Structures are given as structure tokens and as C-alpha cells.
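What follows is a pair of complexes built around chain A, which joins chain B in one and chain C in the other.
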Partner chain A sequence: MAHDTEVLVLGGGSTGCGIARDLAMRGLEVTLVERGNLTDGTTGRMHGLLHSGGRYAVSDQASAIECIEENKILRDIAGHCVEMTGGLFVQRPEDPDEYFQEKLEGCRECNIPARVLSGREARTVEPYLAKDVKRAIQVPDGAIDPFRLCVANAIDAERHGARIETHAEVVDLLRNGDDIYGVEVRHDSGPGKRTHKTPGTTEEITADYVVNATGAWAGQIGAMADLDIEVRPSKGVMTIMNVRQVDTVVNRCRPKGDADIVVPHETTAILGTTDEEVEDPDDYPEEGWEVDMMIDTLSELVPILEEARTIRSFWGVRPLYEPPGRGTKDPTDITRDFFLLDHEDRDGVDGMSSIVGGKFTTYRAMAEQISDHVCEQLGVSASCTTAEESLPGSENLEVLEKGMDDFGLRSPVARRSKQRLGSRSPEVLDTDEANPVICQCEGVTRAEVCDAISQSGSDLNAVRIRTRASMGNCQGGFCCQNMASELHPEYDEETTREALDELFQERWKGERHALWGEQLSQAMLNYALHATTMNRDNDPASAAEPVEYGAFDTGVQ
Partner chain B sequence: MAIEDDVLVIGGGLAGATAALTAAEEGVQVRLVTHKQSTLRHASGLIDVLGYTPAGEGPIVDPFEALADLPEGHPYERVGTEAVREALSFFDEIAGDAYSGGHTASNALVPTHGGTVKPTARYPVSTAAGLASVPEDTLLVGFETLTDFDAPLAASHLEAAGAPFSARGVTLTFPGIVRDDAKINRYAHLLDHEETVQTGAGETSAREALAATVDAHLKDESRVGFPAILGDDHAADVRADLEDALGVDVFEVPMGPPSLPGMRLEDMLYDALGDAGVRVTSGVPVIDYETDGNGAIEHVVVDRHGQEVPYRAEQYVLATGGLVGKGVRSERERVFEPIFDCHIPHAAERYDWFVEDVFGEQPYARFGLVPDRELRPLGEDDDPEFSNLRAVGGVLGGYDYAAEKSGAGVSLATGYVAGERAGTEASR
Partner chain C sequence: MSDAEQPTDDHVPGDDEFEPIQVFPEAEEMDLRPGADNCYKCSTCDTNCPVAEVDDEFPGPKFQGPEQWRLKRQDDHDIDDSVMKCSNCMRCDSACPSEVPLSQMHNTARAEYVEENMSKFSREYWRNRMLSNYRQLAPLAATFPRTANFVMGLSVTKWMGEKVLGIAGDRDFPEFAKTTFREWWAKRGGNATSRERAQEARAERGAEVQNEDKRIAYFHGCYSNYNTTEVGKALVRVFEHFGYEVMIPEQACSGTPMFANGMLDDARRAAETNVRELSAAIEDGADIIASCTSCSMSLRQEYPELFDFDGTEDVAENTWEAVEYLRVHEDLEGELEGTQVDDTNFAYHAPCHSRNQGLDGQTMEVMSAIDGVEAEDVGDSCSGISGTYGWKEENYETSMKIGEEMFDHMEDAEATTGLTECPTCSMQMEHGTGYEIQHTLQVLEAALVGTELEEA
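Up next is the complex of A and B:
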């Protein structure tokens, strides 16, 4: 019996989207299913560091070498998602000299360009470093937008014929004896783009081969077919600041420890992180002490962080894995390497492999190796081209940089829009329609929001990750409503209202971890705008009881 | 060299202005000091008294009737229902023709720019023709460059909210707006000053051009609602001209910040302060104070551009606002009142300052000072912090103005009571 698709990829994170793109470009028929939005799992919950490899130069040189290679490739194929900020490994007086030396030698052994700066030189690069920092190693770390990178992979996969289904949760693996031949998914709102209020459906999707790229959730998928996949999810907190206190990635140069990195990211700086094993990747405590630790510990490196404003915090779950029998206690000691588990070799069950472990910077290389394996399984001989072919948005960036076209926008808005859209800018921004700014904090215009809606339906969180709208200082207080308005009239009022509520609650979820000082004032202002001025908390349209209009003031008698 | 007055009001929003005006009625010398722009520019300009009970019941038809049931400690309970009525009458006198709603004790339901309706006790006259309780068909007009108001969406939302009329929305190009990101004031300025604009029919005045643009879309609706951009200094003329040209009633839908109706209210209050002889010192923060050793404030210290100047009065009124106005501030481990360090009850753990549902019962929304019935802020020991300090408006705690729709009413009522007491005591 012919299957619905040749390859079925489970999981819409960087790994899944990378595999879908790779295989689609090799000419295979690919379907990808994702439970929520693209990046909803671990990809959308990382600090946005494009590793130089410096971080692994002592502990894991194989990973370090892979990082620097992929770092160069991503600058090339995804330039519009990357900002080459450079990075510093900063040594404080109490940090060990030996380790500094090991780090420097490690970088050189791994071909990571590394240069030693004196404390004074380091402060010239980053003026807000503490006055007593001893010295630093400068490396080519960068910042990368995981949302846009992941979406660009998905778009390119679609261009090569892949079917991408978001909001399609796998509810069962289809297994016939020792053969896995597909999945049953539950579509949140019917197949295709998500539209609120559309009734859910279920669908069986059969495939010649299934790739389980669900990371920290791989164990849950495996369990559906009685396969044991011992992922060890480990949570880490990231705290977002309101501005870029640093313009360079600042790492603490010591063997290991929590709260040792600050990554400049778009308009913000992201502090990270912790490493603590959790049972359930969907349900774990998010605690204030973790946020406090980010601020307090990283203030040793960058003292102004102590009094600075944070706008939200979020937690991500690493999909760590180690082969049975190693028994590592501390999750920080578990390898960051990835593992391809072929369930035929491992469990005697045909038709599926799982990918666990790994890290974002090397997603493409992982996807290449997995795709090679899939091709081998299916007897296809086609080679990988993802390292050479630019992602959508990065095809001809030099042309864009030379061009002075600001699409009628004020120059800061135009600059930021072009950075986000890359070579897609003309296609999105060149419009005869009025194109006002929808999100003031991030400089996102109507054209960009509408472009995102055309990709993702009525899901405003999907619009958010594509555009950064609602991700700035006001955390959507001023623009959620305006983003929702752009759904209308394509989507009706009720759908629009529901989409707005969903986005507004999502924004609140992370903002709660920043509720003191300026951000508590901002939260009150947002609350007042939505509850006092708009009365959205007591909206008669959503109330159970109708309002008796006739009982109220009907004007001057 | 100290500055001397009888009553010193700190804070220049609705509560502070009301306190200063009421105190001045007692024939004493009143000074009002303000630091930053008041939060009135964030406010819709509506005067809410009580739209929902603290338990969330509503919308309330008669807010005054519902006041009696408020819990102990609520600012309205502190001052009593009669004082709220008096404060509203006092406001009506100041506002004159600029506001409506004083003819009835009932709340009005006003359309919001989000398409919902909300209960309010007084509304700017520019909003009067738009009341949602009036069953007249309505055309809402939005502009493609003005992203805060989507008229077709607001119209369908009004219908979903059960409004007793049919509502239709259109999105038009605002004549004379050439930049897609023009500020609100630009729209108002065009209309205020009757600027000449280019249209398909040649050069014409901004008001005419706007009326002609709208007229082409008007069917049999008897009123037309615009976002609140219809002029600033000459808002009444702008509206009258549009009504003449269109032959229907014209109204404004209140908007979020920056809000012209809020700024018009502010202008009105400051005109009244000038008329009442209140001395206004703007742009300077109060940074410290001295007591007389007997539990009274002797003077406060004002930072006048780097120079620390004592400001002395018999009576003081604190009207510095809540979290938004920065009369209530917070750090990771505490919530505090920054000038006098008056007691603010709050959970020690900051994760107890909020609840999960963004519109749930938010403890942070109730942060503020605890007053006695004289509106003197109380210390942790339940004794007044100072014998001659009263607190009014947003700096008070124990109520959630956003959920209750009670912000302006609390500011008026507490400002009125504290101003009167401060004025009376200072005149002795």
C-alpha cells in the first residue's frame, strides 16, 4: 500500500525543520508535524547564541570544531538571522588562570580564532564590564534569531514540496508488529494554517520512514510504540533585559557554572542560564530564585545589570541524552553531542529513528547526518546541499545592503525591518497600501505583520515569532490589539478576539518573572489600558449574561 | 529661603488637582508641585465611578447605590457615599459644558476603541452622541494609518457585545496625512487649524475634506464615531463643523495613550487651578522631608534643578499616583512609597504579587497606602504616619481601579475630601 509521504518528520524545532528542508531539497517527499507553533519546544527557548565553539573548547573539542564550522556556514546561508557580535570569555580576578590558558589553547586547537585582551582592552570593547576584570579571550561568537532561522528552514522545505503541519499533535504511532508506518495526529483546527474556532480533526499520516525529532519530548513519542528513549530533559532559565547592556556575547571564563553568559539579542540582552534536570518537559517549576541568580551572578561581570530593567524570563528544556549505562549525575556533565537512535538496530522495530541531544548551532550538520541515514534506509542516493544553498531571506543580501530603498519607512524602522526580512524585504515591504508601524518597540510594520499572517493563519504567537512584534519593552501592552486587528476581516471578530486573548496571556506568562521596578509599572499600565480603557476583562461579547442596555444612561434628558 | 504655603499638594493628576481646588475653596494659599507629566495623557478622559463590584459583578447601573456594599478599607468606604456624590457635583461645576452624565445617577455605556463597551459616570461631551445604550445605528470611521482603532472590527465587536443598534465600520484615508506614522496630534492639528489639504477635488480645508471623505460612505446611520482625534484646542468647533457637513451626530471613541480627551481634561483642570489662585510648580520632584519632632511634617525638600529647596506648609496632600505614576515603586524584594516611605502592605515573596490569569485578581493592582477615614496614611502599627499628611487617588491601595472601573471616581472623591480637610485645618 502506498504511503501518504516518503518521510514523516515529527517536531517543528530547528532539528525537525532542518531535516525537512534537507530531505525536501534532495527530492524526497516530506511531511512535518508539530504539536504547537514552529520553535515552540526548545528552539524558541534558547538564548540565541551562535556558538564560536569557544564554550566547548576545553570540555568537548569535537563539538567545538563542529560549532566553528557550522558558525561559518550559517553566516553564509542565513546571514539575515545572524548578527556577528563577537564574543568574550572574561576572566575575573577570582577565576582560575589555568582554565583561562586551557580555554585559549583549546580554541587554537579547534581552529577557533582567539585573541587575548587585557582587562583594559576588554572594557574598551565592552565598557560596562566590571572594572576589575582581569583579561578576556575574544572569539567569533554571534547572536542568531532561532525563530526566523527555523521558519526560514520550514519555508524552504515547503518551497521544495514539503507539507508542514503545525498545531498537529501526534497522539499515536502507527505500529504493525515490528514496523512503524506513520502517526495519528490531532489537528487543533483542521489541517492547514491554524484558524481559531475551526473544529479539530484527526488524521492518520502514513510514511515510508518516520524521523522522531521531538527532542526533549522524544521519550513520550517513543512510549507510544513501547520504545524506551531515555532523554534527560534539563531546564535552564533565561532573563531578558530591556536594552542591550552589552553588544558582544559576554561569557564568564571558568570551568562551569550557572549564570555565565550574556547574549545581545536584537533590542535586548539575554542572561543565561541554569542546568537542572526535570521529569516532565511540559511541567516544571519556574522559580524566582533562578531569575535572581541570573541578575546577581552576572552583575559580577556586568555591574549595571543589578539595577537594570528586565522585561521577562523564560525557561527552555535541553533534550539531553546519554546512552544507557553512563549514569552521569550532574546534567552539566552530560554530553551536548547528538545521538541518532535507529530503532531497528536498537529495538528491532523498523521504520523509525529518533534524534536526541545536540545543540542549536549545529542543527544543520545534525540534519545532514540524519538525512543521510534516512536516504540510506530508503535506498535513495542524493546528496546534501544545505550548506551551499542560502535560506529564504539570505539569497542576495549584498544587493540589499547596497540598495538605499527604505520602502517609505522611517530609517530606523526600515533598517530593522530589512534586518529581519533580509532579501525578502522588497517582496514584503514594497506596497502601495498604507504601511504604519504596528509594534513601536520593535519597529514592525503592517506589511510585515500581514506577511506573517499569510504564513501562519490566525495564530498571533506565530506572527510574533516571525516578526518580533510584541516582544519589546511593553511586552505587547500597546500592540497586541493592533496585531489582532490585522486579522480582520479575513478572520471574523470572534476569531480575532480569541487570538488576541491568547497572545495577551502568553505575553503575561513571561512578564510575570520580571514584575518589579519599571516592568511592574509597565504591567500596571498594560493592565489599565486593556481593563480600564478597553474593558477587555469584562467584555460583554464574551460574557455569559447579556447586558441590559436600556437600563443605562441614554444621554441628556 | 523656604517656600511657604498653607496647603501643599504633591502630584498633579486628577486627584491632586481636585485636592488643590477643594482646599483653595477654603480660602487658604495652596501650592501644587508636579514632577513628570501626569498620567492623564494615558487616560481615556472618562470619569468612571464604579462599573463592577470588587467581586466582578456588573456592569453596575447605579454606582452610588453599589458603594454601600464595598468592603472596609476601600477608598470609597473610607470617605463615604455622600462624599462621592459631592465630589462628582464639584467636578460637574468645574467641567461645565465639557462633560455630560451629571443628569442621572446611572452609568453610561461608552464604546471603547477595542470594540467593547464600558460603564462610566461622566463622559466628555465629544463622546455623548455615541452612548451604546442609545439605539441609533452607527457608522464607525477608522483610518488606515491609525492602527489603534480598527473601525470594521470595533463595529462587529459592538454587535457581538449585544449593542442595541446596527454598527458598521469603514477604514478610510485621512485627508492631509502624508506619513504613515503620523502622531495623533498631527491629525488633531490638521483639524484644529483648518489646514489646507490636497484631495482628488483639489485644495480644500481639512474639516471639509474629512467630511467629504466620510459622507461618501454614510448610508442611513444617524451618528458617526471617530477615534478621539477630532481637534485639541478647538474640538467643539471641529465636531460642530463635521456634524453640519454630514447632517448627523458626530462622536469620539476614547483611545489609549496618548489620549487627547485625557489631555483636554488636564487642560481644563489646570485652567481651573489658575482661576482658583493655586500656585503650580511643575517639573520638580519632592525628594525628602523633615518632621517637627511631634509627628507632623515640617517641610518637604524639592529638587529644583539640582538645588534643594524646602517647601513648607501646614497641611500636605500626597497625590503621586500608583505604580504607573510612580507614587508606588518596587524593587525585587519590596514595594514602597518613595517620598515619605509610608507603609504599603505587600507579600514578602514577589511571586505572590500576581496571579496566573492576566485578568485575574491581581494583588499588585491593589498596592498602595492604607488610609484612615481622614485619609491619613497609616503605618504598620495602624497609627497615622504623620498628623498633617493625607493621601489621595492612585497612591492609595486596597482597590483595583482597572477591574472596578473606579479610578477617576476614587481620585475625585478622595481628592475632594482630603482637600477640604486640609484646607479647613490650614485655615484654623
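Up next is the complex of A and C:
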């Protein structure tokens, strides 16, 4: 029986998109389905660290070596998603010297370039470090934008013929005896680009081979075909600061502990994190004390954080896995390594493998190994080229850097736009249309917003992850409605309104964990703007019943 | 554990003594991003910005300040050129409900723009450098005031100024005094004479003749020294009238025009001299008094925001504007009761920088104490000149547009004389309306001392 596609990838996170790109570039026919937007699972809920490997240099040297290798590759192929900030492992007076020593030696053993800085030198690099920091190890950590990276992988997969379906939730695995041959998905608004208010449909997609890359959700997918996959989802909180207090990744140099990293990310800094096992990756408590604890602990390293403004907090779940029989109690001790579970070997059910564990920095290497496995299963001989071929947006970046074109934008806006768009800048920003700034906090212009809409339909959260519009200090208070306006007239009023509500609610979800100080003022101002000025708390236009205009008087006395 | 046991330590000497890193590094390197935390984007600053009101191309203080800073990374130096369109009126500072350090952000961004993005060979750079260092050129003109005034008044000079330097040709250069204030002061006998006169005044007022506390150091600034010396003289006589001994310390320009032009190195040099000299005066028991509201603003706000010399905070805390000082320390209004002046109808404009110090109402109150004086406040708009801003050819039109509201109100006022505390506002008022302009201190002098007491 001919199947709809050769390979069906479940999950639109970094792993899934990486696999889709890899296989599509090898000439295979690929379909990827994702429940929500790309990155909606764990990928979009990480702190954006491009590991040098330094973090694993003591505990897990195999991962450390893999990290530094992939770190170099990503700088090359994904330059527009990466900012090489450098990183510091900072030792406070109370942190053990022995561990500092082990860390340094570990880095050297793993070929991670590492230099020791005195406390004073470290503070020259990062003036807001605590005055009493003792020493630091400087390593090539970086910052990476998981959204852009994932989207770029998906775009490139599509260029190589792949079909990418977002908002397509897997509702069943199709299993015939010992053979898995596809899935049934529920399209939120029919196949293709998402359009709000369009009725949903279901579709059976059959494939020669299914790759379950749903991470923390892999167990749920497995259960649909009575397969037992023991993922141990573990939650971690991250808090986004309004500005970058540091321009370098700052790690605490001590054996282990929560709240030990600050990553400069775009215009913000992200504080991380905690590690606590949860039952259900879709339903776990988000608690205020986790945020407080993290700010308090990290203030020992960067005291200004104590008083600084946070704009939101979010939680992510790690897709941790450990092979049966190890019985590790503390989730921080579970390996960060990834596992390829071939269900034929494991459960006697063929046609599907699951990937669990792993980390973002090495997504490409993981995808390569899994793609090799898939090719072997399908008897295809084609080799991987993802380490050499640049992602869309990162082609010929040096040419762009030399170009002085500001596309008529004010210099900080032009700078930020070009950093986001990379080599796609001229294609997007060179426009004859008026190109005002839509999101002032992040410097996003109409051209960039429209470019994102052309990729993702009426979904403004998809526009957000592509552009960063609404991700700044006002958390969309000033720009959500302007982003929504750009949907019109291609999308009608009702669709636009629905898309706006969805985006604004998503913004509120994270902002409600930051309601003190200036962000509380911001939330109040946002409320005043939206509820009163725009009448959005009780707008008759949103009501199901048409407005009875006849009930109003004429206004003439 | 000793250092010897730490083979990885690089043995930086003194590493354990925590010499704090410089609190205020050079302004071009100052990291003001945390200041953006205070902004919740209400845009009140934008609606109070006089430049944004008349110039649609100007993005306004919110962009110039917190937005631009937030978008910046440590190594980014490409400040948007629109920062040069900011007139440094500093109204945004007082407009902000959330204490965003707007003018500090603008000053440092402007310095960085000039340092990194403006060619040191450009006409604009040299024109701005000249305008902001007017203090360096003035002594030459003051040595040959007649020649200077004649040459500056020539239409060919103005034409050259505009064509070669980009200085607005429609403006009249201020006249240079034939004798500078400091020359007058020295000829008058300096501090010794002032002490005598203060003592005489105390005796006459029935106060204690010996009083170490009644001592002020006058920061006259450049304009009172080289141009409107009558303001400086008025200050001396009014303060002596109240029994204050006046000292005139060595001083450089306050730095205001340099901040406004992003010439922070020049400003730093000037500030260093001023802080040193004024600190010494404070040691001697004097309070610092300025007659120009931009000078007092600079000493009080910009110095501590931008520099960290020894004594900077001390100078800021002990600096006063002249009328403010008298209202706090003396019964100025009581003293004015029953006094009279010849000129009685004034049109008063409160300079932005007096507004920022909370002093915009004082002149009106003081004037109403003098018998027969009718002063009319011509509104809270900006005069539009903002120091050197309106002198630039490219800003002239904007400057005059901003000033329009004030000009109209002055025309409508039942007044014969304009009144303000700021030298460049007075130039603008005169330029836009033809009024003769006085400083509040001159009216106080006329009321309390009379003008004919000593040789001018």
C-alpha cells in the first residue's frame, strides 16, 4: 500500500524540525505535525543558552564534547540565531575551590577553550557582578534564539519539499498488529496555514516510518499504541528581566543547585532555573516562590537583579528519560543524554522510533543520528549535510554585515531587525510601502510582521515567535492590536479579533507572574488601554448577538 | 587555602582588596540600560516634548531614552542621529511619572553619538564645538568689544556664519560688554569691598555685623560675565543689601552647552574646575548661588548624573538659584513690600530649566510684592532656543516654531518689558518680539537698591 509520506515526524520542536530538515535534505518525503505552534513545547520554554559544554565538563564529559562541537557548527550554519556572548563560570567566596579546579580541568579535557579571570577582571567584563566574586572561568557560551532556529529549520525543510502542519494534534496512532503506519490528526482549522474560526477537520496521515519527537509528551503518544515510554518530565522556571544586566552568560561555579545561570537574550536577560519532576507535562503548578527563590539566589551573583524589573516568568518541562532499572531519585541527576528507542527492538512493534532526553544545543547531532537510523530502516543511502548547509537567514552573513543599508529605519531598529532577519533582511525590509515600527519595545517594523504573517496565517503567536513583536517590556500592551490590524483585510474582522485575543492572553499568562513594581504599573496601564480606551473588557462587537443599534437614541436632544 | 595552592589563580595583585570599579565610568561607556526598567511607556514625556510637538520627524524622548537604551548591547555604538535634534530642555525629566533618567540617557547617548558617529572633520562638529565653547572665544571678543560687536553685527559676518558654519543668519549675535563682570568686580575691590558693604548692610539692618554664615560664592557663568554684566552686578548688590558677603571663585563654563552638543570631554574638564573651586568655597562657609537657571541646573542635576569628582555631590547639594535662596533664607517678599520700580509691566517667561528645578512660579510671586508691578506669565511653553540649539541653521525654524506660542502670548500681554532668568531664553524673547528683556534680579535691584548707587 502506498503511504501518504515516507517519514512522518511528530513534534515541531527543535528535534522534530531538525529531523524534518535533515531527512528532507537527504531527499526523503517528510511530513511534520505539531499540536500547537512550532516551539510550543519545551523548545520555546528554555533559557536560550548555546552551551559551550562547560556546564557538563565535570558531570558528563561526553555531552560536554558534543556541545562544544555543535556550538561551533551552529555558529556557522545558524549565525543569525546565535549571539556569541561568551560565558563565565563565576566563583563566589563560599563556593568550593576544588570544584572550580575540576571545572577548569574538565573544560580543558573536553577541548573547551577556558581562561581564568580574576574577580576584578570578571567585573571588567561584567560590571554588575557582585563585588566579592572570587574568580571566573571564561568559556565560549553563547545565546541562541530557539524560535528563529526552529522556524528556520522548518522553512528549510519546506524548501526541500517537506509538509509542515502546525495546530495538528495527534489524536491516534494507527497500528495494525505489530506495525505502526501513521497517525490521525485533528487540524484546528483545516490543513495548511492556520486561520482562526475555520472549522477543524481530522486527517489520517500514513507513512512508511514514524518518528516520535514529542519529547516530554512522548509517553502520551506511545500510550496511544499501548507502548510504554518512561519519560520523566521535569519542570524548571525561567524569569525574563526587562533589560540585559549582563551581556555575557553568567553561570555559578558550584557543583549543582537551582538558580545558577543568567543568559542575555536579545533585549532581555533570562534567569534559570529549577528542576522538579512533574506528573503531567501539560498540568503542573506554577508557583510564585519558585520565581522569588530564583531572583534571591541569583542576586548573590548579580546584586542588581534584586531590584530589577522582571517582565514575565515561564515554566518549561525537560523531556528527561532514563533507561529502565536505573532508579535515579533526584531529577538533576538524570542524564541529559538522548535515547533513540526503536520500538521494533524494544517492543516488537515496527514502523516507529521515539526520541527522548537530549538538549537543545545538540539538536542537530541528534537529528543526524535519528535520520541515519530512519534511512537505514527505509533502506535509503543518503548522507547528512546539515552541518555544512547554512539555514535560511544565515547564508552569506558576512556580506550583510559589511552592507551599511539601514532600509530607512532608525539605527537601533535597523540593527535589531537585521540581527533577527540575517541574510533575509533585504528581502523583507527593502520595501516601497510605509514601514512604521509596530512593536516599539523590540523595534519590529510592519514589513517584518507582514513577512511573518505570510508564513503563518492568522496566528499572531506564530508572528510573535518569528519577530519578537510583543515580547518586550510592555508585553504587547501597545502593539498587540497593531499586529492584529496587519491581518486585515486578508482576514476578516472576526478572525482578527480572535487572533488578537489569543495573543493578548498568551502575553498575560507569563506577565501575571511578574506583578509587582514597574511591571505592575505596566499591567495597569495595559489594562487601562485595552479595557477602557479600546473597550475590550465589554465590547458589544465581540458579543454573539448583533448590536441593536436601534436601541440607541439619536444623540440629538 | 593560600594562593600557592591555587595553580589556576593568575595572581592579580590586590585582587582580594575590593577596590570598587569606577562608579561612573566615562559617559560614553556608561551603561544606563537598567534605567529603562522604570519606563512603562506611558508616553507622557513625548507629549511634553516641545521638539516632538513641532517636528514630526523627531521620535521623542521615549525613543531617545529608554527604548534606545533597551535595544542596545554593550558594544553597540550606532546611536540614532535624531538624538542631535533633542534640544536638552529636559522637560521630559519632570514630565516622567516614573523617574526614568531621561536627560541623563540623552546626554550620554549624545556624547556617544558625537564620539562614535560624528566626523571630527565635519562642519557640524566644529560649529557645535565652537558654540558649546563660547566661553573660550568670549575673552577675545571681550578684549576688543567694540570691534567684535561691529564685526558680529555685519551682514557679511552673519552670511559667512550661516554658509560656512551653519549658524542661523537670522539671529543677532549677543553684544559683548565693554567691561566684563569680573573686571568690574576686581576694580570694585573684590571680596574685601563686598565684605565691607555686607557689614555695613548688616549694621544698618540692626543685625550682627560679624557673621560668617552670610557668605555666598557667586557662579556667574559666562553670559553674565561677558554679555549681560548688569545681571551679575544686580546679584552682588541685592545680596549685599541683605548683608551677604559675596565671593567670586574661579570658574569655567557650567557645561550646559557642552552636554547639549555631546561634547562631554569638554564638559568634564569644565566641571572638574568648577567642582574643585566651588568645593573650596563651600569649605570657606559659602553657599553656591547662580543667576542663570541652566547653570544651577547643571551643577545640581547633570554633574552628579554624569561625573564623579570628589565633592560633586557636595556642590550639587549646596547650589541654589539666586531668587530661590533669598526666598528661603530671607523675607524677600516682606522686604519688597512698599518698594517701587520705574518699569512696571512685565511679560514673564519661566525657562524650562527653572521649571525643572521647581522654580517656575517664584518670579511671579516676588513681582506681585512690589507696588504697582503687573507681571503676566506668558504660559508654560518652551521658548524654543534651548541654548545653542536655536543657533544652528538646521534648527532655526523648529526653534521659532516652538517659540511661537510664547511670542503670541508676549504680543498679547499688556507689558513693556520681558522678564526671564535664562540668558538664551531672553535672546529668543527679544528676537521673536522685539521686547527689551530683563532678569528678575535686575527688577529686585531696582526695587531694593536703586540703580544709581555706584558707578556701573
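Note that in this section the second predicted complex is superposed on the first by the 544 of 557 C-alpha atoms of A that agree within 3 Å, B and C clash if a C-alpha of one lies under 4 Å from a C-alpha of the other, contacts with A are read in each partner's own complex, and residues count from 1 in each chain.
As a working rule, contacts are C-beta pairs under 8 Å (C-beta built on N, C-alpha and C of every residue); 3 or more make two chains touch, one makes a residue touch a chain.
Because the structure is predicted, anything quoted here is derived from the model rather than measured.
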item	value
Which superposed partner A:Ser454 touches (first chain B, second chain C, both, neither)	neither
First, second, both or neither for A:Ala541, with chain B first and chain C second	first
Chain B versus chain C as contact partner of A:Thr328, first or second or both or neither	neither
Touching partner for A:His488 - first (chain B), second (chain C), both, neither	first
Chain B versus chain C as contact partner of A:Arg410, first or second or both or neither	both
Contacts of A:Glu433 with chain B and chain C, given as first, second, both or neither	first
Contacts of A:Ser521 with chain B and chain C, given as first, second, both or neither	both
Chain A residues touched by each partner, larger count belonging to chain B or chain C	B
Chain B versus chain C as contact partner of A:Phe478, first or second or both or neither	both
Interface residues of chain A shared between complexes with chain B and chain C	410, 413, 478, 521, 525
Contact set on chain C toward chain A in their complex	1, 6, 8-10, 12, 15, 18-21, 31, 33-34, 36-42, 59, 62-63, 67-76, 78-82, 98
Touching residues (chain side chain A, partner chain B) in the complex	287-288, 292, 295, 408-410, 413, 433-438, 445-446, 478, 481-482, 485, 488-489, 492-494, 496-497, 504-505, 508, 512, 515-517, 520-521, 523-525, 527-541, 546-557
In the complex with chain A, residue positions of chain B that touch it	42-44, 48, 51-52, 56, 58-59, 61, 100-101, 103-104, 106-109, 112-119, 128-129, 131-135, 144-148, 150, 152-153, 156-157, 160-164, 173, 180-181, 254-257, 322-324, 326, 329-332, 349-351, 353-354, 356-359, 362, 364-365, 401-403, 405, 407
Contact set on chain A toward chain C in their complex	97, 100-101, 104, 116-121, 123-124, 127, 131-132, 135, 242-245, 247, 264, 267, 304, 308-309, 410-413, 415-416, 440-443, 472-474, 477-478, 518, 521-522, 525
